[in-house]
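Here is the structure we will look at.
Per-chain numbering from 1; labels A, B, C and D assigned in written order.
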Amino acid sequence: MEILWILAIPLIGGLLLALFGYHRFAPELNSVMSFGTFLASAFLTVRVITDGPMTALNEQFFVDSFNVFLVALTAFVAFTTSLFSRPYMRIEQHHGKLSINMLRLYHSMYQLFTFTMLLALLTNNLGIMWVAMEAATLTTVLLVSLYRTPASLEAAWKYFILCGVGIAQALFGTILVYFAAEKVLGAGGTALLWTHLDVVKTQLEPTVLSLAFVFLLVGYGTKVGLAPLHNWLPDAHAEGPTPVSAVLSGLLLNVALYAVVRSKVLVDGALGSHLAGNLMMGFGLLSVVMAAFFLSRQKDVKRMFAYSSIEHMGLMTFAFGMGGPVATFAGMLHMTVHSLTKSAIFFAVGHATQQTGTQLMEHIRGLIKTSPTIGWGLAIGTLAILGMPPFGVFASEFMIITTAMHSYPWTTPFLLTALGVAFAAIFGRMQSMVFGETTEQPLPHPPALVPVFVHLGLVLLLGLYIPPYLADWYRQAAALIG
Amino acid sequence: MTVVTSLLPIDVTLGVIAYWLLLAFAGLLLQNTRTLTRVIFPAGAGGALVLAAAALSSLGGPVNVAVLPLGLPDLPFHLRMDSLSAFFMLLLGAASIGISLYSAGYFRDYAGNKLGLLCFEYHIFLASMALVFLADDAYLFMVAWEAMALSSYFLVTTNHNIPDTRRAGFIYLLIAHVGAIAILMSFGVMQGGHGDYTFATMRSAHLTEFWASVTFLLALFGFGAKAGIVPLHVWLPEAHPAAPSPISAMMSGIMLKTAIYGILRVTFDLIDVQLWWWGVLALTLGLITALFGVIFAAVQTDMKRLLAYSSIENIGIILVGIGLAITFHVFHKDAVAALALTATLYHALNHAFMKGLLFLGTGSVLHATGERKLGKLGGLIHPMPKLALLVLVGALAIAGLPPLNGFVSEWLMLQAFLLSPGLPHSYLNMLIPIAAAALVLASALAGYVMVKFYGVIFLGQPREGKFEDAHDIGIWERLGLGWLALGCILLGIFPVFVILLIDPVTQLMVGHTLGNSAAQTGWLWLTPLEPGRASYSPLILFLIIIVGVIFTMLAVKKFYHGRLRHGPAWDCGFPEQTARMQDTAEGFGQPIRQIFEPFFGVTRIVPTPFDKHPHYRGESRDRIWDYAYLPIASITEKLSALIGRLQHGRIHIYLLYSFLTLLALLAFVR
Amino acid sequence: MNISGIFLQLFQNTLVVLIAPLLVGWVNQCRAWLQNRTGPGILRPYLNLFKLFQKDAVLAHNASPLFRFHPYILFACMWLAASLVPVIATDLPLSPSVDVIVLVGIFALARVFISLAAMDIGTSFGTLGARREMLVGFLAEPALLMVFFTAAAISHSTSLSTIVETLAHKQFVLHPSLAFAAIAFIMVLLAENARIPVDNPSTHLELTMIHEAMILEYSARHLALIEWASALKLLAFSTIGIALFLPWGIAEAGNWGAIPLALVALFLKLVAAGAGLALLETVSAKMRIFRVPEFMGTAFLLAVLGLLVHFLHGS
Amino acid sequence: MENFSGQLINLFAALLLLIAFGMLSQRRVLSLINLFALQGLVLSVSTMVVAYTSHQNHLYYSAALTLVLKVLILPWILHRLIRKLNVKWDVETLINIPTTMLVGIALVVFAFNLAAPISLMAGTITKSSLGIAMASVLLSFLMMITRSKAVPQVIGFLAMENGLFFAATSATYGMPMVVELGIALDVLVGMFILGIFFFQIRETFDSLDLKHMEKLKED
């Protein structure tokens, strides 16, 4: 039941905002809708924690502890982001960057985007999952090009083409899975249902599935932003409006990774080998290292944090690739803390860029002088994302790295070098932005910084203390993924 | 009463840590300068006192452990307080009493909000250092370690509108982080495949010699980055001057010791084997560090930089002691190993007091004159006699002069060198006396440095401008400095008690103590091994000197008419003396620079005879920058430029990447 | 540690204070003779001190308490040093409280104080002198310590009494390491006591002077104390040298019969030492100040070499 | 009858591949669009045949869908776009045509022996179709890489979709209907968005040449 609500609210919201998006209260409506979604997802979470996995609408939808935690996370971050986007978009409008119609488009697409992500998470049907992923791309493309600047158009175009092509590969993979599945489950509806596939995964034809996995990995991996398929990501993050960047790297990448992990489970079952895991580890490691070196030559602040997202997605992919309870646990924890921290950073960055009127880092100076909250938010967020204790990112990185030391020692030097380089790159730039003499104008509307500190508070908490029920929850999920 | 008895030292310590955190948040909320300086900082000092007492009571006592339900689900916070932790906890408490008291006075004219933040970071810093000593699993250790680095980083960058400060902070945290990564790796090796990261597991793990060496080297690198061992020292002379003086005192006096703690913990406690060449390595590095530090200290023209380099020197001396201890321990000369280790710990304790005192002193000078350049200071003994007296104690102590504390630890160290019995390796036997010589050279140079430091700041006349508005220190400063100075004197005069304190630690580390031999001729005489071989009684020495002085004075007073006239300085009859004719710091360091020319990259600007306004500038920079750090930076730069080319901007190329990836993978799984 | 021991200690203390100027006088006299001058007479230093004590003290305007206090500390330190050396007998009551390392420490303390005092007035010469003094000192100190270490390594002890007893009263062994040590020690002695070729006590030429530059501002009683202190220092060094390199004749602990003999021996040794010192000073020329580090460095290396030789022989 | 239709489908498959090559070698935009429409036609016909032989009724719907979407609507949209933006230029390729052809042939070989083991176990009447589908997907991928203008790239994208669809129908008698519909919807929406894009790009860069869109890069 909650599932329907979760999906219905954003859908309705999208339509409503498409109609009333030009109204004064549109941002509030947006937040309200997102809040509704969040509530529904909260209820769903409670349900699932209490009485276990469930399916709905003759098995078209299902939730287990793995995707429910992503649903909760998605709904939550979507909600806080909507809170942030309210003043942010007003300021953009005030600066004359956006027209009413653009805002309308923005709000309606924001809701639809949430809808597509939740659909992708909740559906039981791999085909529908694919459809939802594609739809997520389509809804965000127009958001990326919202400003109609040449750069934003270029970014959007690349985003569209690269992700479209990638996702097409994913479809081919899905077809292959179906092809293999119908041998076992017979043609028709059930052959794409995850719950059924999961049961029979050991009987699926290995060769087909290994091919399928390649297509799926390349396809969804493009959306995860794994190097060398990542090229759309920095452009899209840098050029789109900041709330969109926040949800993109905070949520969309997670969802894509979710898809990859789901398919990994099937393939592992079918192959009985560690092929999928090795591929993911390879991609993860490559992404981490490449992103680290990209980081050290960035000028645009949002672009830089986009690369840091690539780095962290690589880290998660690596973790899920390693498999095993601890690594998977760490991977999910990292998903959580990364989305929280990264979106918080983007909130702070957004307001910082609005204050200084530029995204070039050498022109952003002395944030904590005039607006300490933004400055400290950026500083703390950056240090958190760099894996500084006592923040949660360190907790998950600690687990990932120690597991790697334990089972794949040869990877640790690469990981740690990359982390070191990334630290040097990001930290140096953060410092010059936060400290020093200032170059800011005050904002026409009060910035929304509550979300920033809520997120960072949660991350800090997760670094020092992981509540038992959350831990159990992760453990169940880890057990599901294996 | 039962409550009191059932209260374990570790509980008290945790209490103090919690209390400090409380103070931190109180400071963040209050933001009122008066309250902060009058209440919070003294309260922090009180906490430090309790901490020191708890540590004192648990030294030699039973090991307490505790587990907090925090941290990772599979790895909650493990805490453990054994003698080693207790000793360093004592160091932390005792030194930070003085520093906190001093801060109460020093920060009195900081803006409220700024000070609130600073107070927050300050107490977080204290608490995290205490946690470092308590940590008994890798996760908590790393958390505490990095929290320490982070809080100190923010403290260093308090005055962040100065570009140099920002640069200093960057270098500091970067090197600290790289070190932390190395430490993490060493833990990873140490747990030896159990996948369990409690120290208990590491103790029980048996490593092969190769992996043990890897661990040791990683730990030496990681902790060395924090301690400032050459060539990882570069952050020290940047960060210490940048920070407000109490912070510099804290970092140099206490934080560097956490690194020493780490090295000792890993080498003697967590790893179950040691190899003799570790000791030699540590010894050599220590000597290089000590000489390097003191030579650079001698040519500095900024008083806080000078002290920072002197800290590097002292860390080097401590490392030398560790190296000796390792070597002797490996060859089962545990008595001498204990002697070396005692000297090491003793010196660590001393340095906390001496360097704390001196940095706080520079703080007061800075506060009174607003001047950090030695070239402009001078003659401050006249406006600020109390400060001058207290700092003199510190200067004499760190110069290693009897009967103060710096001398005792160096004396013990030299005894360890001298009494080194024949070691199986002839090279070692040759190395040890040379090492002793180098050590002595370093400590003699320290005397030079301190004369420069004290003489240029306090004696003579102000070199540029007069410091009329320079006022002497207030009550809080006096309390803080006085406490530390008293520590320097007491630690110097009653060594036997200190050694009895250290004994449990050496017992734990190398399984031998000095106590029974040290105390066998009573607490008055310090006899590390046996009375015939070496003995030293600082108290008697002190008394004799006092008696001698008093006797002479009385005699002179009795037989001398005591007529006294005041006149201008004679100076060999030279006319028109000006204050600018005194040696500047630059000039005072000139001979050293001349002797050790190759160490420095010296750049001189020498005036020609025809200059209207002749102007001499000479600056000596650290060659290690050019040889070690800049190359690394440029390599990273090149690599990233190379990789950056991949992001080519053409969508076709991007599509090609995906295409090739796809084909490659297909070919791979096929 | 009995009453007689204390008596002996007091006796030595008074003795060294009294005879110290005499040694200086003797050295100067010998130098005069070697330079074909009729010297000022052996007792000249006493008269100087007496004269200085008669004068009115003149104090520079911005002299700090440290400046006035320093001469007493200096005097006390040197007196202590001189009276701790086993001059006539080993195992005096005070000797266990101070070993060779502490002795070096005391000299260092005195040096630091005199340099600080020199910088106190803030004249060009004072600071110049202080700098040069420390320059000499930071090389002389390790050299001296290395010399001591050689002896200590031989006798497995750093306490002077034990060293002397080992060298003088154990079986007679020739120690090649001590030869190096002796040369190094003499070089250190010259440097530490402001003697030619390192320094020239009887000049006020700014290019060369070290010790004199530091005490320019002192007068009357302060100057007297300083002079006396340096006399004591010379005595202390000579006696140390004697104790290390020709210890024969120094009375053993509690052996009262040997005391008179020891006194005679001491007298003779000092006479010889003074003459030798004078000879050295006359035949060598004052060196440039920049050469001093090389000189001291040589001393340092020689001392280390001695120690190495010792370890090499394993004796 | 069975194997006749099988041969028929194989024929269509061969046609598909031929058309793919044709697109790869084609220089003119208009004929590219026509080829694309033709490909759609072949696709829908072959789908009908599959539906007829395998009695999978829902395949009729998808065949119809294909007919409507890929033969009528999309080409119509493309034509209108081209007329609106009057971009009737010749497509210059980045790599010259013969080389592209050679690479294409290599790809076909690769795809075939990649698909060989799978085709063996394919229970459907259409053994070789999977390989051909894969080949045409890769070919359209190649086309997207080699074309320097926006419109041909998009056509390549759509052609890839066709290949996928062919794989779906021929190899697995079609995906479940709901998925088919979803996919179709996505394609349609995507096409509209592309249309919007063309106009935006056009009015911003007043050309659809992608070489204007190489600003965002690491320099």
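Some notes on this structure:
The rule we apply is simple: contacts are C-beta pairs under 8 Å (C-beta built on N, C-alpha and C of every residue); 3 or more make two chains touch, one makes a residue touch a chain.
Everything numeric in this text was worked out from a predicted model, so none of it was measured.
Path length between chain C and chain D in the touching-chain graph (shortest route): 2.
Set against the Cα centre of chain A, the chain with the most distant centre is C.
With centres set at the average Cα position, the gap from chain A to chain C is 79 Å. Centre-to-centre, using mean CA coordinates, chain B is 70 Å away from chain D.
A separation of 44 Å divides the Cα centre of chain A from that of chain B. Between the Cα centres of chain A and chain D there is a gap of 31 Å.
With touch defined as above, residues shared between interfaces to two or more other chains in chain B number as follows: 644, 646-647, 651, 655, 662, 666, 670. Residue positions of chain D touching 2 or more other chains: 114, 141, 144, 153, 210, 213-216, 218. Of all possible chain pairs, the ones that touch are A-B, A-D, B-C, B-D.
Every residue of chain C that touches chain B in the complex is listed here, in rising order: 53, 56-62, 64-66, 72-73, 75-77, 79-80, 94, 96-99, 101-102, 105-106, 108-109, 111-112, 115-116, 119-128, 130-132, 134-135, 137-139, 141-142, 145-146, 149, 152-153, 156-159, 162, 204, 206, 216-217, 221, 225, 290, 293, 300, 303-304, 307-308, 311-312, 314. By the touch criterion stated above, chain B contacts chain D in their complex at residues 644-652, 655-656, 659, 662-663, 666-667, 670. Considering their complex, residues 378-379, 381-382, 385, 388, 392, 396, 399-402, 407, 411, 414-415, 418-419, 422, 429-430, 433-434, 436-437, 440-441, 444-445, 447-448, 450-452, 454-456, 459-461, 521, 525, 531-537, 540-541, 544-545, 548-549, 551-553, 556, 559-560, 563-572, 574, 577, 579, 581-583, 587-588, 590-592, 594-595 of chain B touch chain C.
Considering their complex, residues 69-74, 138-139, 142-147, 150, 157, 160-161, 163, 166, 169-170, 173-174, 177-178, 181, 184-185, 188-189, 191, 193, 195, 197, 636-637, 639-641, 643-644, 646-647, 651, 654-655, 657-658, 661-662, 665-666, 668-670 of chain B touch chain A. Of all residues in chain A, only 157-158, 161-162, 165-166, 169, 210-211, 213-215, 217-218, 222, 228-229, 231-232, 234, 275, 279, 290, 293-297, 326, 366, 369, 383, 388-390, 394-395, 398-399, 401-403, 405-406, 412, 416, 419-421, 423-424, 427-428, 431-432, 435-437, 463-466, 468, 471, 475 touch chain B in the complex they form.
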